[in-house]
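In this document, chain identifiers A, B, C, D, E and F correspond to the written order of the chains, with residue numbering beginning at 1 in each.
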Amino acid sequence: MTDFTHLDQDGRVRMVDVADKNISKRVAVARGCVTMTGDTLARIMDATVKKGNVLEAARIAGVMAAKKTADLIPMCHPLNLTHVSVDFFSDSDNNTLEIEASASLAGQTGVEMEALTAVSVAALTIYDMCKSYDKAMIISDIHLKSKTGGKSGKFLARRYQK
Amino acid sequence: MTDFTHLDQDGRVRMVDVADKNISKRVAVARGCVTMTGDTLARIMDATVKKGNVLEAARIAGVMAAKKTADLIPMCHPLNLTHVSVDFFSDSDNNTLEIEASASLAGQTGVEMEALTAVSVAALTIYDMCKSYDKAMIISDIHLKSKTGGKSGKFLARRYQK
Amino acid sequence: MTDFTHLDQDGRVRMVDVADKNISKRVAVARGCVTMTGDTLARIMDATVKKGNVLEAARIAGVMAAKKTADLIPMCHPLNLTHVSVDFFSDSDNNTLEIEASASLAGQTGVEMEALTAVSVAALTIYDMCKSYDKAMIISDIHLKSKTGGKSGKFLARRYQK
Amino acid sequence: MTDFTHLDQDGRVRMVDVADKNISKRVAVARGCVTMTGDTLARIMDATVKKGNVLEAARIAGVMAAKKTADLIPMCHPLNLTHVSVDFFSDSDNNTLEIEASASLAGQTGVEMEALTAVSVAALTIYDMCKSYDKAMIISDIHLKSKTGGKSGKFLARRYQK
Amino acid sequence: MTDFTHLDQDGRVRMVDVADKNISKRVAVARGCVTMTGDTLARIMDATVKKGNVLEAARIAGVMAAKKTADLIPMCHPLNLTHVSVDFFSDSDNNTLEIEASASLAGQTGVEMEALTAVSVAALTIYDMCKSYDKAMIISDIHLKSKTGGKSGKFLARRYQK
Amino acid sequence: MTDFTHLDQDGRVRMVDVADKNISKRVAVARGCVTMTGDTLARIMDATVKKGNVLEAARIAGVMAAKKTADLIPMCHPLNLTHVSVDFFSDSDNNTLEIEASASLAGQTGVEMEALTAVSVAALTIYDMCKSYDKAMIISDIHLKSKTGGKSGKFLARRYQK
């Protein structure tokens, strides 16, 4: 008879079982930055980038990417997001665009990854739309700003605490 | 008879036509960092993260994401990548993991976005695998390191030039 | 300190937050037509199209496309459809195939887009299967026939009201 | 010994083998219409639709959908499009928006389906963005306008021939 | 007036409506085997396969594929899986790797297809990672081991019954 | 200055670089079986399965899955398949359906995985369409029958050699 040995690898990748978690309203907000030349930022703000409206393309790409999070991140659970938004803030003194994304769900698992994915793909889209002007753009400071709902409760990144 | 007016919007988003570009071997290398607590970095290096082998999951996620670039970034052309790799470097002094991704193609358009997408999704996967320990991780300094092939020729980011 | 300015663009694209909507049984029915030559319609009905059974391919493509709606339409919410069906009606006098798709869900948001997407992709599949015979086929009259469930209540397109 | 019988079904669906076709530059242009109330068309033109910039969302959705054609239409070949564009025309007298999409490729198979898919998904996105105002919008007259390249040569729909 | 005839085809493909089924906790476990040369199995176990860690790649591919089941199997309902795991067992006497996948959900429809899809894609990934050594590998005995939840109740394949 | 250490893991997963391989016509043929009760096989052959035409659904699912291979198998290269077909053979004596899939490409890498994926997903679709009758169906003997093109030349599985 066949005699199989379980390959019980330490460190094997696993998707956490969330079946017994409570359904609660969950919201996560993430932020990140794209730093560029002053000229590139001015083109974005004036909507004179040759490939088109950068912020609108980045916003739509960010929202659509949030919906693909479970397809991108191996151990993320598929979720039915009830809301995603992507907003932009500019800092002309430092030639930086800040991206903020918010994701919401009534469910058994948090939506941090969805918010972080929206920020990341919005940032990549900004890079793509502007790269013919400025290949040295840097995407940085992608972080979770806040999170509510779920057993672990409210998280607010230290820099936002007073 | 119907009389249509073309809505010739300035700033409308467009995908550049690459049909007349030459086919050349193109390689792009991108880099980025994830900063975390010393404890989290130690768990990754020791492969004691509860959700499994972080670097292997991040590497596979990065390679798979490079193949989805045109599905994520609105104006990216679909490409048949011939190679993608994702590597990791650690800096224990600064509690930082560095991610480097390389993408190659013989084609009519560059593969910068594929390399940058691989880095971004590998970084997001590291965040996801470790977020139960450390929600304050920061993904930063995602940038194009180098690029060869195509009309615009070789690009090497200033920090790598001697 | 960094001083960011919110780029509060009017007209920025947003996904409506449906978290506070009631969960109700929702059904949407959409319809559309493909007009072709009499010869092409006869081939479809006789199952003599060289590329295979047109209606079966179109039906399956329509059902599968309904499941991809949130991946196609930027601001659509991801949904767990409980039912999709696609049916066909022929009108030999006018050389027209009519497509009807129905989608259902118990959820917080309507399924009109899922039904309309099923009709559209079924129609595109009919075009693809028959285009070697008839490039002049026209897809037309794609509309929402009816909708039940949700706050806005029952909708029945005027042409179906007595 | 096992004795299998080939189920040689007539009408079985098949993907045409294009391996022996010549590589040529191929361009396809498709068109379609969305008819709505005058009020809805005015909101789109004034960019006062609550869900955001309708034309920009529809344009981006159309381009992204063209890249997914082989994933939607069962027997379509996967292609590396070199160009996709989506344009809009308005006809205020008839409360109609016209959508035109163009797709290009240097390859072995035509890109009609990609252009038609871009038009269809752009139209569905217009419906989605405006459906809270106007559920009776109709998507119609989706057709191939022209096609160049490939063995069958140039096609120009009769209505565009002089 | 248009007079459409319903093409009420027997045998037309349909997605079962699950809206009226009860929500219950559902778990499915599937198994399958890959048979190979002793040399190939030894390389997998020693992690000396040139393309990398075969089991980790297969495990991640299996979990990610379970999340794509509704995108692959035409009439499967989209589901929000709460858990997927993939495990491996070796039988050196018979040069066989056994794959076991488990999928869970609290929902209205079973998750057999998700577990079977995870096993199948994990097996295909093993083939892909090792095919330069051993093109004659055979994937076999993919079956449902057990299933709990739902109206039809508990299923345990005969070979596991005592 | 930052001092990064390369984590040069043995056994790390990698995608082989195919850029320097020759472009040649490549064809792969794969086969596999589904074993079921005689009653289930009879229903499939008579097209009396309640969920619809099993073979047509399985054929379309197999072709569509071949196009998704690079999205499913982590280290597979994205390819522009020129042809995919799926055929069925029945063996009533042994209550078995055999599936054969063929995939073709003019390219730098083989299409074995595409043919094997088509067989696997066609088999899973057969299971899904019939599982209400027969949960004990077994998918087995999935193997590469033959392969032509590429540096390694012609492969014909031993059982097909005379």
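Just so it is clear, a contact is a pair of C-beta atoms (placed from the backbone, for glycine too) under 8 Å apart; a residue touches a chain by one contact, two chains touch by 3 or more.
Quick caveat, the model's predicted, so the values are computed rather than measured.
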item: Chains touching both chain D and chain F, listed by label; value: B, C
item: Copies chain B and chain D touch via same or different residues, half shared test; value: different
item: Most distant chain from chain D, judged by the mean position of its C-alpha atoms; value: E
item: Per Cα centroids, the chain farthest from chain A; value: F
item: Distance between the centres, which are taken as Cα means, of chain F and chain C, whole angstrom; value: 30
item: Distance from chain C to chain A - Cα centre to Cα centre, in angstrom; value: 30
item: CA centroid of chain A to CA centroid of chain F, Å; value: 35
item: Where chain D touches two or more other chains, by residue; value: 12-14, 16, 53, 56-57, 60-61, 64, 68, 71, 74-75, 78-80
item: Touching pairs among all chains present in the structure; value: A-B, A-C, A-D, A-E, B-D, B-E, B-F, C-D, C-E, C-F, D-F, E-F
item: Footprint of chain E on chain B - complex, ascending; value: 53, 56-57, 60-61, 64
item: Partner chain E, residues of chain F touching it in the complex; value: 10-14, 16, 32, 47-49, 51-53, 56-57, 60-61, 64-65, 68, 71-76, 112-113, 116-117, 120-121, 123-125, 127-129, 131, 135-144, 147, 155, 157-158
item: Chain A partner contacts - residues on chain C that touch it in the complex; value: 2-9, 12-19, 70-71, 74-75, 77-80, 107-108
item: Residue ranges of chain A in contact with chain C within the complex; value: 25, 45, 55-56, 59-60, 63-64, 67-68, 78-85, 87-94, 96, 98, 104-106
